[in-house]
Amino acid sequence: MTQSATKTIRPLGDRIVVKPIEREEVTKSGIVLPDTAKEKPQMGVVLAVGPGKILENGQRQPMDVQVGQTVLFAKYAGTEFELDGEDVLILRESDVMGILGE
Amino acid sequence: MTQSATKTIRPLGDRIVVKPIEREEVTKSGIVLPDTAKEKPQMGVVLAVGPGKILENGQRQPMDVQVGQTVLFAKYAGTEFELDGEDVLILRESDVMGILGE
Amino acid sequence: MTQSATKTIRPLGDRIVVKPIEREEVTKSGIVLPDTAKEKPQMGVVLAVGPGKILENGQRQPMDVQVGQTVLFAKYAGTEFELDGEDVLILRESDVMGILGE
Amino acid sequence: MTQSATKTIRPLGDRIVVKPIEREEVTKSGIVLPDTAKEKPQMGVVLAVGPGKILENGQRQPMDVQVGQTVLFAKYAGTEFELDGEDVLILRESDVMGILGE
Amino acid sequence: MTQSATKTIRPLGDRIVVKPIEREEVTKSGIVLPDTAKEKPQMGVVLAVGPGKILENGQRQPMDVQVGQTVLFAKYAGTEFELDGEDVLILRESDVMGILGE
Amino acid sequence: MTQSATKTIRPLGDRIVVKPIEREEVTKSGIVLPDTAKEKPQMGVVLAVGPGKILENGQRQPMDVQVGQTVLFAKYAGTEFELDGEDVLILRESDVMGILGE
Amino acid sequence: MTQSATKTIRPLGDRIVVKPIEREEVTKSGIVLPDTAKEKPQMGVVLAVGPGKILENGQRQPMDVQVGQTVLFAKYAGTEFELDGEDVLILRESDVMGILGE
């Protein structure tokens, strides 16, 4: 699939494209997502960011999330698809709970 | 049906007319839509675009999607009908998750 | 019922009066509404158009649909009644997905 | 009940008081309300009209309906009560689909 | 309970305090609330009126209802309590359908 | 628990802290909350008041309720907790139906 | 996990990161959360605070909660995860009922 390596998604509105980070990697990174009754979040790296949603006053709200950041989002948020052989997700920025830093 | 080849739909508000791309074509294009528990998106080519929806302040919000683009949308979004012998869909732009590029 | 031929409905707000086009006529026109699991749209000719709805800022939003146009709308939208012996529907313009052209 | 003939209702907001027209009268008038699976509308004469509802910007939206007009409304809309021996309904103007003319 | 005769309720927002009028009194007054499948309204006398609700633009919307008026409201609207030995109701003005006049 | 007598809650937004008044006290005060099918209100004394909620235009809406007032609120409104050995409730001002006076 | 002690979450919008305080600690502090039928609140220390949510007029609403404060919130609010070996929660500020003081 190297010949389609240039495939990209340009998200609309306040959507972002995220490559999820597997549980094992998450554990190694020092952040553990516990197995409890509460909703479990998922982590991922931001691959693409939409232009922001339009408010009722006609303004476009700038995005807080940037390409390359690692974000935390609700486990069942978004829509999954495969892009150039990789599983990615399209989420709304409102599904992103926070940005991970060091 | 060549005599009705000029039939067109002019979508209202933020609606668009999309010709869905079949699964086989999708796979050949290097983007695979996986068979998982998550909602699966569908792809299509935009045939027509509405003028945009009216915001509560009376302004018309311009459309981000343009005719000829390939878009990704939720599988069960929109209304299906047949136009000049082809199955097409009418969607709202808000059902479009992203625009495919190369 | 020729003596009541002058009966009319003046729709309120963003409502329109539509005379539905029967399935057989639709098929003959070169547009076929397929029998699938997706919601099927219906076609009709616009007989009357309301003045438009009032936005929260007090402005009246102009109507996009005009008398005489053929429109596509969701099958179960609107309220049916009989006007001078003809079955007609009252719909909201937001139920209209698109306007048919040649 | 002639001694209470002066009883009136002043509707609040966008409400109207309507005297429903019986089915038999409706049929005689040349408009027939068919017995189908779709929601059936009802007709009535407007007896009183409220001052209009207040929009979120503080303005009062003028009413489109006037006393004496014959209106078409959803069958199960409104609240029924008896005023000076006559069954009347209080509806919101948004329940009125259209105004009947000749 | 004469020693607590001065107890009062000052309603908040768009609420009003109403003393319901019993069915028997209603019938004697020449307005009959029929026993049908439709929701039946109830009548009452307004004892107290709130200052009005705050709109999203920060303005306070003036009340249409005044102390001493007889109002018509939905039967199951509001909250019942006993004030100085009398059953009263707290309603929102939006639950009031109309003001009775002579 | 005298050593923690200085514990306080500063409510956020349009929330208030209320000390409920027991039924027995309520009855002695001359206001009786009847045992009917309708929702029964509860009374309490306001211990703390939030700064008011932010409207969509960015303004903060001033509170109508003040510390020390006796308020009437829906029985199942709010969240209960124990503060310095006393059961208190956190409510939203919109849950308060009225302020009791003499 | 000392090597990942610098891991942080930067919450988005009106979200905050909170370290919950265990029940035993709460009881020792002189505030008891009773075991009743009403929803029980939970306490926690604020570790991080988002920039505030965007209102429909495009303004960002400042946060009332600050890092280091002890807050009261609904028991089932938020999303739980583990950060550097500690269970923390991400909440919206609207889930915070009040700030504890001395």
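Chains here go by letter, A, B, C, D, E, F and G, matching the order in which they are written, and residues are numbered from 1 within each.
Definition applied: contacts are C-beta pairs under 8 Å (C-beta built on N, C-alpha and C of every residue); 3 or more make two chains touch, one makes a residue touch a chain.
All of these numbers come straight from a predicted model, not from anything done at the bench.
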Proportion of interface numbers common to subunit F and subunit G (over half same, under half different): different
Mean-CA-position distance for subunit F and subunit E (Å): 23
Cα-centroid distance, subunit B relative to subunit E, in whole angstrom: 52
Multi-chain contact sites of subunit E, meaning residues that touch two or more partners: 56-57
Successive chains around the closed ring, taking subunit E as origin and subunit F next: E, F, G, A, B, C, D
Residues of subunit A touching subunit B in the complex: 1, 3-4, 6-13, 15, 17, 48, 50-51, 54, 56-58, 76, 78-85, 87, 90
Subunit F-touching residues of subunit G, taken from the complex the two chains share: 29-34, 36, 38-41, 55-57, 59, 61, 64-65, 72, 74, 93-94, 96-102
